[in-house]
Amino acid sequence: MSKALLDRLATLLGDKLLETTDFRGDEVALVAPADWHAAAEFLRRDEKLAMGQFTDLTAVDYPERAPEEPRFDVLLFVRNPETHKRLRLKTRLADGKTLATLTDLWAGASWAEREVYDMFGISFEGHPDMRRILLYKEFEGHPLRKDYPIDRAQPLVPYRDADDTHKLPPFGVDEGQPFARTDWSRRLEGLDAQVSPSLAVAAGQRASLSSEEVHPVHAPEPAADAAASEN
Amino acid sequence: MGEMTFGGAGEDANFFTTKFDALLGWARKYSLFQYPFVTACCGMEFMAVASPRYDMARFGAEAPRFSPRQADVLWVVGTVSQRQGPVLKRIYEQMTEPKWVIAFGTCASCGGFYDNYTTIPGIDKVVPVDIYIPGCPPRPEAVLDGLMLLMDKIQNGNKDPLVVPPRELPKLAQLRAKKDAKP
Amino acid sequence: MEPLDTHDFTDDDTLELPAEPMRLNMGPSHPAMHGTIRMVLDLDGETVVNVDVQPGYLHRGFEKSCERGTWAQVFPYTDRLNYVSPMLNNVGFALAVEKLCGIEVPERGQYYRVVLGELARICDHFTCNAASGMELGAFTPFLWLMKVRDWIWDVLEKETGARLTHSFGRIGGMAMEPTPDLAMDIRAILPEIEKVVVETETMLVRNRIFMDRMQGTGVLSKERALELGVTGPMLRSTGVAYDVRKDSPYMVYDRFDFDVPVGEDGDNYDRFCVRMEEVRQSMRIVEQALDQMPTDGPVSVDDPRMMLPDKERVYNSIEGTIAHFKLIMEGFAPPKGEVYSFTEGGNGELGFFIVSDGSGTPYRVRVRPPSWFNLQSARELLIGGMIADIIPTFGSVNMIGGECDR
């Protein structure tokens, strides 16, 4: 892929363009957070770049970077609808810092920025409606930060207790589903109560689908067969 | 749920109540009005169950009622997130007795492989469940099995939660395959 | 109630209706909201003055979950992104990782991906159009199109073993070779699908009620669509012929002869017609792909770093067992780096931005969900319309919860 886009951006931005990379055909331009909006404006308004189609905006968290280095990468993906060229703008942002919103350039950035705010806690200055979008407002923390444990749930309704109702799940929390823990020898003898009710009804083992009583069948055929195959 | 007591609790009255319960159960099981609480992937199979090939209408359970007050069965189809939890609870509370809940699919039954910060690990943490249909998503045949199991429960007045068992037990299927392979 | 004649009907205040907009909550459990969207509407009579579209009721932590397992363990999660066309998601993710590694799948595997992917696309468009029709009261087309979907699922089940959530893609190929009956099975159903498409169009496209409800409602302009990041059938209905398969061909899409249908007005009716026409184009692609597909050869790359060894070798040789163990326990480790790979999903540009730190676990998997950006535009489509237009508009936007909220 040609480097024409990056060269054009370099002439426009001068030394504000910190770094450019071209990995596997993805052209990336790195700018400082302060130049974020200006660089994006060039991408949008310059007639040679003319990145009119908004594609995506997201962030990546790198907590293991050195403390003096900024923690987040924020990335903007845009595309030129005429030439089908794509460019990715990137900036490195420290925790607690804000970034200028791009909603005035591409209306599509609105939800993407809200999502980044929701998931990473990066706030966008000038955004008309900076609220959580995927999670609820009672949620504390930002789940896509690496230091948020994946299993820290914040339920909105208290979970039911075992005592408060007669209806209980048929399996304990630490168990799998009961049919996965099958006593095969009993089942093959036709004694197991977990034999598929519909099959059991057909075989005359059960009176009805939901009845608990299972009558063993005589001379269980599959078991005899298994014994035969072992010989 | 369908229990009636009469002043003179003699043998005749018991006989009558038993018969009456059976009649009521029979009537209820063939006219289940459903409330489809469809959130996720399992909805695709739910559509398939309602469509001509599997035809849920055979069981008198095809009429969806989008008001919980008119519904008998709450089908919870798909993943329920923490954010959705209060909504589910409220819908359950709005339903009138008698009511039954079917957890359709693994996510509704136990959260499935979404054991993370945002998913409720099984709707039985929020509302009581009558039938668990395992599968991700369950095949329509399993769904129909679940529906028949529920109908049977209604007929028998059985209140225990049940899991729809697999039709074909893996071990038995293997043994049968061996048997078939033999000359 | 008071008798009517005690009212003073000369007083203007009693005659005027209240002028403040009414606030109405729609969803998340509303039949037209597909269970996962809440809309807070401000209504002036029946006209929508303002609307706040609230997604997120199906947020399942896809991106966080991906950062926990191996790269191969992402496939089951991608199935459940756009659960109407899981195969397209499988392929999209596989292509992203392959781009990161710089590998290319053998030709037969690419054709296989195209065939299964296009079948999934037919399912996707049919489901959307069936639901659109049903929500407007046309129940018969819904039943017809669901019937077709079951036929396609039969083929997919025979190929992959699952009706809906296949998890069939692999990094570097597909899980299995195509069955010998693949071409025969598909060629048997394609003419039948064509019949149903014609049948459905006869029922709906010239139907007065359907046209009145669909035409001129939910109009989106070309410029606005581009700016909002709208892609897929929704963008094409506004007149922009942007199709990733055509504009940046991936796999073998440059070898097929197919058209990109575009609309003119960008309204619900155009979106319906574009989807219907795309089903025809997908069928053309499938036919051509079946003709061109090599009958033998591998479907996956022959690279022990990423492909699991045969079960034969795992059970009978120590090298096979070790390779299997390492791939399962540690996983395949792509090189360090970040790439953005995009394919044409059921609803538009499905992008995967993946970051690898060189280990067997993804550092970050970001999906660019087409539904997310399509839904974002829904606010503009709905404002100014009637409350009843929400149903066809929201239906033709085709928000898929799993993909939109992830």
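Letters A, B and C name the chains as they come in the text, with residue numbers starting at 1 for each one.
Convention: a contact is a pair of C-beta atoms (placed from the backbone, for glycine too) under 8 Å apart; a residue touches a chain by one contact, two chains touch by 3 or more.
Remember, it's a predicted structure, so these values are computed and weren't measured experimentally.
Asker: Which chain would you call central, comparing Cα centres to the global Cα centre?
Answerer: Central chain: C.
Asker: Please state whether A-B or A-C has more C-beta contact pairs across its interface.
Answerer: A-B
Asker: Would you kindly tell me how far, in whole Å, the mean C-alpha position of chain B lies from that of chain A?
Answerer: Roughly 30 Å, centre to centre.
Asker: Report, in whole Å, the distance between the mean C-alpha point of chain A and the mean C-alpha point of chain C.
Answerer: 17
Asker: Do you know which chain B residues sit against two or more other chains?
Answerer: In chain B, 83, 116-119 touch at least two other chains.
Asker: Where in chain C do residues touch at least two different other chains?
Answerer: Touching at least two other chains: 56, 59, 61, 64-65.
Asker: For chain A, give me the residues that contact two or more of the other chains.
Answerer: 135-136, 143, 148, 150
Asker: Any idea which chain B residues touch chain A in the complex?
Answerer: 82-83, 85-86, 89, 109-110, 115-120, 122, 124-130, 132, 134, 145, 148-149, 152-153, 155-156, 158-163, 165-169, 171-172, 175-176, 178-179
Asker: Looking at the complex, which residues from chain A come into contact with chain B?
Answerer: Checking each residue of chain A against chain B gives 135-136, 143, 148-157, 159-160, 165-171, 177-179, 182, 184, 187-188, 194-199, 208-211, 222, 225-226, 229.
Asker: Touching chain A in the complex: which residues of chain C?
Answerer: For chain C paired with chain A, touching residues are 54-56, 59, 61, 63-65, 67-68, 99-100, 102, 223-224, 226-230, 240, 242, 247-248, 337-340, 349, 351, 353, 355, 363-364, 366, 368, 372-373, 376, 405-406.
Asker: Give every residue of chain C touching chain B within the complex, in rising order.
Answerer: 28-31, 34-36, 56-61, 64-65, 76-77, 79-80, 83-84, 127, 142-143, 146-147, 149-150, 153, 163-165, 401-402
Asker: Quick one: which bits of chain A touch chain C in the complex? Just the residue numbers, please.
Answerer: 23-24, 26, 52-56, 58, 60-61, 75, 77, 81, 84, 86, 88, 106-108, 110-112, 119, 132-136, 143-144, 146, 148, 150
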